[in-house]
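Both complexes below contain chain A, partnered by chain B and then by chain C.
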Partner chain A sequence: MTEVDVRPQPPRIRGRRQWNAVLPKLPAMLMVVPLVVVALLFIIYPLVKLGIDSFTAGEGGFSNYAAALESDAIRNSLVSTLTMSVVVTVLCLVLGGSLAWALTKARKPIHKGLLWTAVLLPFWMGVVVKSYAWAVLLAKNGLINSVLTGLGITEEPLTLLYTPLAVVLGMTYTMLPYAVLAMYPTMAGFDKELLNSAAVLGSSRTGAMCKVWLPMVRPGLVAGGAIVFAISIGFYITPVLLGGAQTPFMATVIGDDIFAYFNYPRAAASSVILLVIALTVLIVTLKAVGAKALRGGLGK
Partner chain B sequence: MKRFFTGRTKVLAAAATLALGLTACGGSSGTSGAQAEGEKPSLVIASWGNPFTEATQTHLVDPFVKETGYDVKIVDAPGKYLASLESQQQANKIEWDLLDSTSGPDAYLAYDKGLIDKMPDDVKERILKELPESAVTDFGITWSTLGYIIACRTEAVQKCPANTKEFFDAKAFPGSRTSIATSPMVNLSLAEVAAGVPIEDLATHEIDLDRAFATLESIKPEMSTFWSSGDQNMQVFNTGEADMGISYSGRAYSVDKDGTPMSITWEDGLYNPGFWNVVKGSAHSAAAWEFVEWIATHPEAQAKWGEALGYSVPHPKAFDFISDEVATTLADFPENRELLGRMNYEWYVKNYDEVNKRWQEFIRG
Partner chain C sequence: MSHTIPGRRNRLLDRTTAILGRVLVVCAVVFLLAPALFIVVLSFSNDKRVGFPPQSWGLDRYVEIFTSGKWGAPTLLSLEIGAWVAVASLVVALPLVFALKRSSLPGRGLLEGMAIAPLVIPVSAYAVGLYAVFAQLELLGTKHGIVLAHTVHALPMVVIVLSTALDQVRPDLELAAMTMGANRLKAWTSVTVRLLAPSIIAAMLFGFISSFDEAVFITFLGGVGLVTLPKYIFDSVQYAVDPAITAMATILMLTTAGIMLLGSALRKDNK
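Showing the complex of A and B:
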């Protein structure tokens, strides 16, 4: 007869290996596979295909690029897209930089809350809603013109809607949160005591900002600017709704080529041109300020 | 809801002539609808979204389904017919059978590119017994026709232009202007009328591009904006961006009804038919043509559809069922129609690349 041990037993542990938060290689790789497949299929493949098409569709070779660059409409659009995007970038850096700095200085929760709300509000609205809001403000009989003519500042209502100005305003409004979020981490990481130190050592306020603050937050500014610019040159809906058909913008022209004029080869070439510009800006920035600053702007 | 039609036709006349020839030479063959027995055909219609889809469903599809028992489904694809058809054809997977209210130029182009089907001779023969020749082409029946007309905000200017020539005369008729961005033919044709081409010759007139663009350049400073959708068409008048402009007829009446008083003149306007088409390669093309034929032969259903949307329909008898109030705003209303010119579509299809290139450069240059 065997005796049954009636004493409490320690819980039995199944299997030998201890649970570990770090995955072994194989399962880790397997878990990443779906993401890689999705990225390859939906991002890399279309981009590569677009690149190939731009050289093989139509007459092939560089003819599509030649056709794109020979067209006055596309050249004008490219120039005005780049110009407007630069203006938007500068505005976003100035406004967004001030906002980001203010955010790091705000002490009272109510101030912080209001500032963050103001920064993030554009994120919570669809781009069409945002654009229509601007259209309402900028129209001939809109709020801005009513105030201007009501106060007698201008006699005739100004033409604001369907102009490059309207596009720049709408784009700046949309891109402001990106700029703030890109610059906030660097500014938050800036040790404000350094400004006091500069003052103690005899620097003026402006001098301290220029010689101490600016060099230290510069990576954030550059990264924020690059991100704003790269996203800006691809805008589509805002230029359509606020610029109208007559304000040239690359994405609008590409859209026309695909949907209205069925000139897919030229549209592919124009898209690649835009893509190369955006990538160049981002790569140069990456080299200049490093991946960390750039990631800050992408919300990491 | 939008629609952008632009359309026109000289080709209509040519097509009709051709049609006559065809029917004369051999009205062929028996009935259509050779579906496998016992199997109900199912049709997919591409439409423009509401209110179009709803009107087509209620006034055309529902009664047709009741009569035939077919299975009919509508998908929304506003403004994307040609691009979608091209990709469906490339993928070798035709998903649609019918196109509701294809815009005029799109229909001619689609036929030129082999994206839509030729109307079978027997169907055409029967439809021609009901509809006027001008409403039947090789590739479909006209539908949801509208006019490009001159609309003008009476509160914004002292005097509104009464015809196209006056519209292009910025000195005598000051005011900011608007026009359609997506249809070079409308703008070029009207510019030619302003330059002295009689409206009734437009259908066969070969546009002198240099002269037409010079005319357009002359009022470009007054062009505060070009609209590219029906919503924008109304918006530029509602918000005061434009004092006068080339407008879809239906949209101009809507603006007026919504409280911005408009003067609307049909004089020297352009007649712009849309079309019902059958997609080339449709697996149910016989049933699809049966549906087109059903529509063509049911004026009362046409009337209800037209009254619901304010777009014109092809059957002359349909006007017996439409209230006068609505009828007078439609492009096929005889008094309106006789004022309208038709665009030279054959010429456009041939000169497509040149026209579009120059137009794009004009508008964005």
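Showing the complex of A and C:
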């Protein structure tokens, strides 16, 4: 094929050459230039710079990591960030899984409408408005406390705001719709006849759900859970507004390092720790359930 | 054979599971609806402080929003940045999805992954990285800096909307236009982009909303001078309790809902 064709060539017809449906490489390369520039400058470079700075800024070497991990505040924050994110992930999987399954089963338009409205409602609020709504709900004179005291369950209003519980509720509220949308395609793709087949073969409904349904929807659950966890550990607004200074969270200590202590090197080290954890979780998930499930979880 | 029929114990188990499932769904629905409804209800209270149950009702908080003069500047800034982000994210995303879907360029998956990556990068860590880069490029506290950061933030959503939409437009139509004498650019602009138009508008609306609601990057990168609407609310909630925020939150919720429903409707139209 590499030999030069010496036979006389038919005249090239302009129109004919252009009937190829596949876009040639050169214009395609030009068309991806904007993304490549933006991605190199504002996605890759910031992450690489963060990594380099965490080792070179300040005293360099591992000193920034040592400073971060020797600080009780940051160590506690890391532990509580990971714990709260795990709780948020579990809540999202249980509640989101039930919602996604209910969405595939709902027949009546009113049920369908109510479920979809509930799932999409948090998307209609920015993260600040969502956190504010929860702050008002959980306040001393908020809805939850007035219901609890009104029913006589508690004498005094409980302290709900500025606790880990408040942060977990606020984060779950933000992540639940993502979890539902991530799991919905897998659940919708499940053939419900399989449950009847299992019943015919003598299984109870519960047994069929555990032994047939769960293994088949597991990739969707794992992908959804990984995405929820990776996003959760980076939350900033919700922990600041609902956790306050009392509830340790990585975002809060990173923000304080930047704005209050002007300790950028330590903030860089803390950020890299978060990034590495998120990346590890996503890569392990990718290996476990494959790229297709993970992309499905991101709405592709 | 008795074991082919679910026994009594299993029936009891099944009923318990079914009830448990239903309880979970009801809990989830209440959990999702309650905060929004609560804010809307409280916004029509005339009390001096935010509390439940409200003692007096009225439109005082809405009157306050429109007469206090505090909300105008942040709203305008948010609208301006959001509009630029809608345009900028389209400029990056539209050629990208055409190249991804219509060429055999190697590394297409990688490019698409790159555009969607900001969705799963922990945002507080990412904001620190951008903070360092912006300090170096002298973009901290500048409007175009925020537009850039918000564009990256909006990119995943815009790319996903456009690429699913372009999947629906068959390349055969472009080929047909080309056999009738159109060059590729003409075929794209007169056939494909026209079919894509509703989705392009939807993508711009989603890009706008993602910037309009964004609060983390503006906090890290905006300095003290740039106060968008979410930043203004964030600061007010952190340092004081302004009851008027309930009204602003309600207005924002309705606006966002309207824009997102319009966007979704346009996307469905495209099929």
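Note that in this section the second predicted complex is superposed on the first by the 280 of 300 C-alpha atoms of A that agree within 3 Å, B and C clash if a C-alpha of one lies under 4 Å from a C-alpha of the other, contacts with A are read in each partner's own complex, and residues count from 1 in each chain.
Here is the rule we use: a residue touches a chain if its C-beta (ideal position, glycine included) is under 8 Å from a C-beta of that chain, and two chains touch if they have at least 3 such contacts.
Predicted model, so just to flag it, every value in this text is computed and none were measured.
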Which of chain B and chain C A:168 touches, first, second, both or neither: neither
Touching partner for A:240 - first (chain B), second (chain C), both, neither: both
First (chain B), second (chain C), both or neither touched by A:256: first
Touched partner set for A:248, first chain B, second chain C, both or neither: first
Chain B versus chain C as contact partner of A:76, first or second or both or neither: first
Which of chain B and chain C A:157 touches, first, second, both or neither: first
Chain A residues touched by each partner, larger count belonging to chain B or chain C: C
Partner chain(s) touched by A:135 [first = chain B, second = chain C, both, neither]: both
Contacts on chain A seen with chain B and repeated with chain C across the two complexes: 135, 139, 141-142, 240, 258
Complex contact set, residues of chain C against chain A: 3-6, 10-11, 13-14, 17-18, 21, 24-25, 27-29, 31-36, 38-39, 42, 49-53, 91-93, 95-96, 98-100, 102-105, 111, 114-133, 136, 148-149, 151-152, 155-156, 160, 163-164, 171-172, 174-175, 178-179, 181, 183-184, 212-216, 219-220, 230, 233-234, 237-238, 245-246, 249, 252-253, 256-257, 260
Residue ranges of chain B touching chain A (in the complex, touch as defined): 79-80, 82-83, 86, 176, 181-182, 223-228, 232, 235, 239-241, 356-357, 360-361, 363-365
Interfacial residue positions of chain A with respect to chain B in the complex: 71-73, 76-77, 135, 139-142, 157, 159, 161-162, 240, 244-246, 248, 253, 256, 258-262
Parts of chain A lying in touch with chain C, wherever the complex brings them together: 15, 18-19, 21-25, 27-32, 34-36, 38-39, 41-43, 45-47, 49-50, 53, 94-96, 98-99, 101-102, 114-115, 117-137, 139, 141-143, 146, 172-173, 176-177, 199-202, 204-207, 209, 227, 230-231, 233-237, 240-241, 250-251, 254-255, 258, 264, 267-268, 270-272, 274-275, 278, 282, 298-300
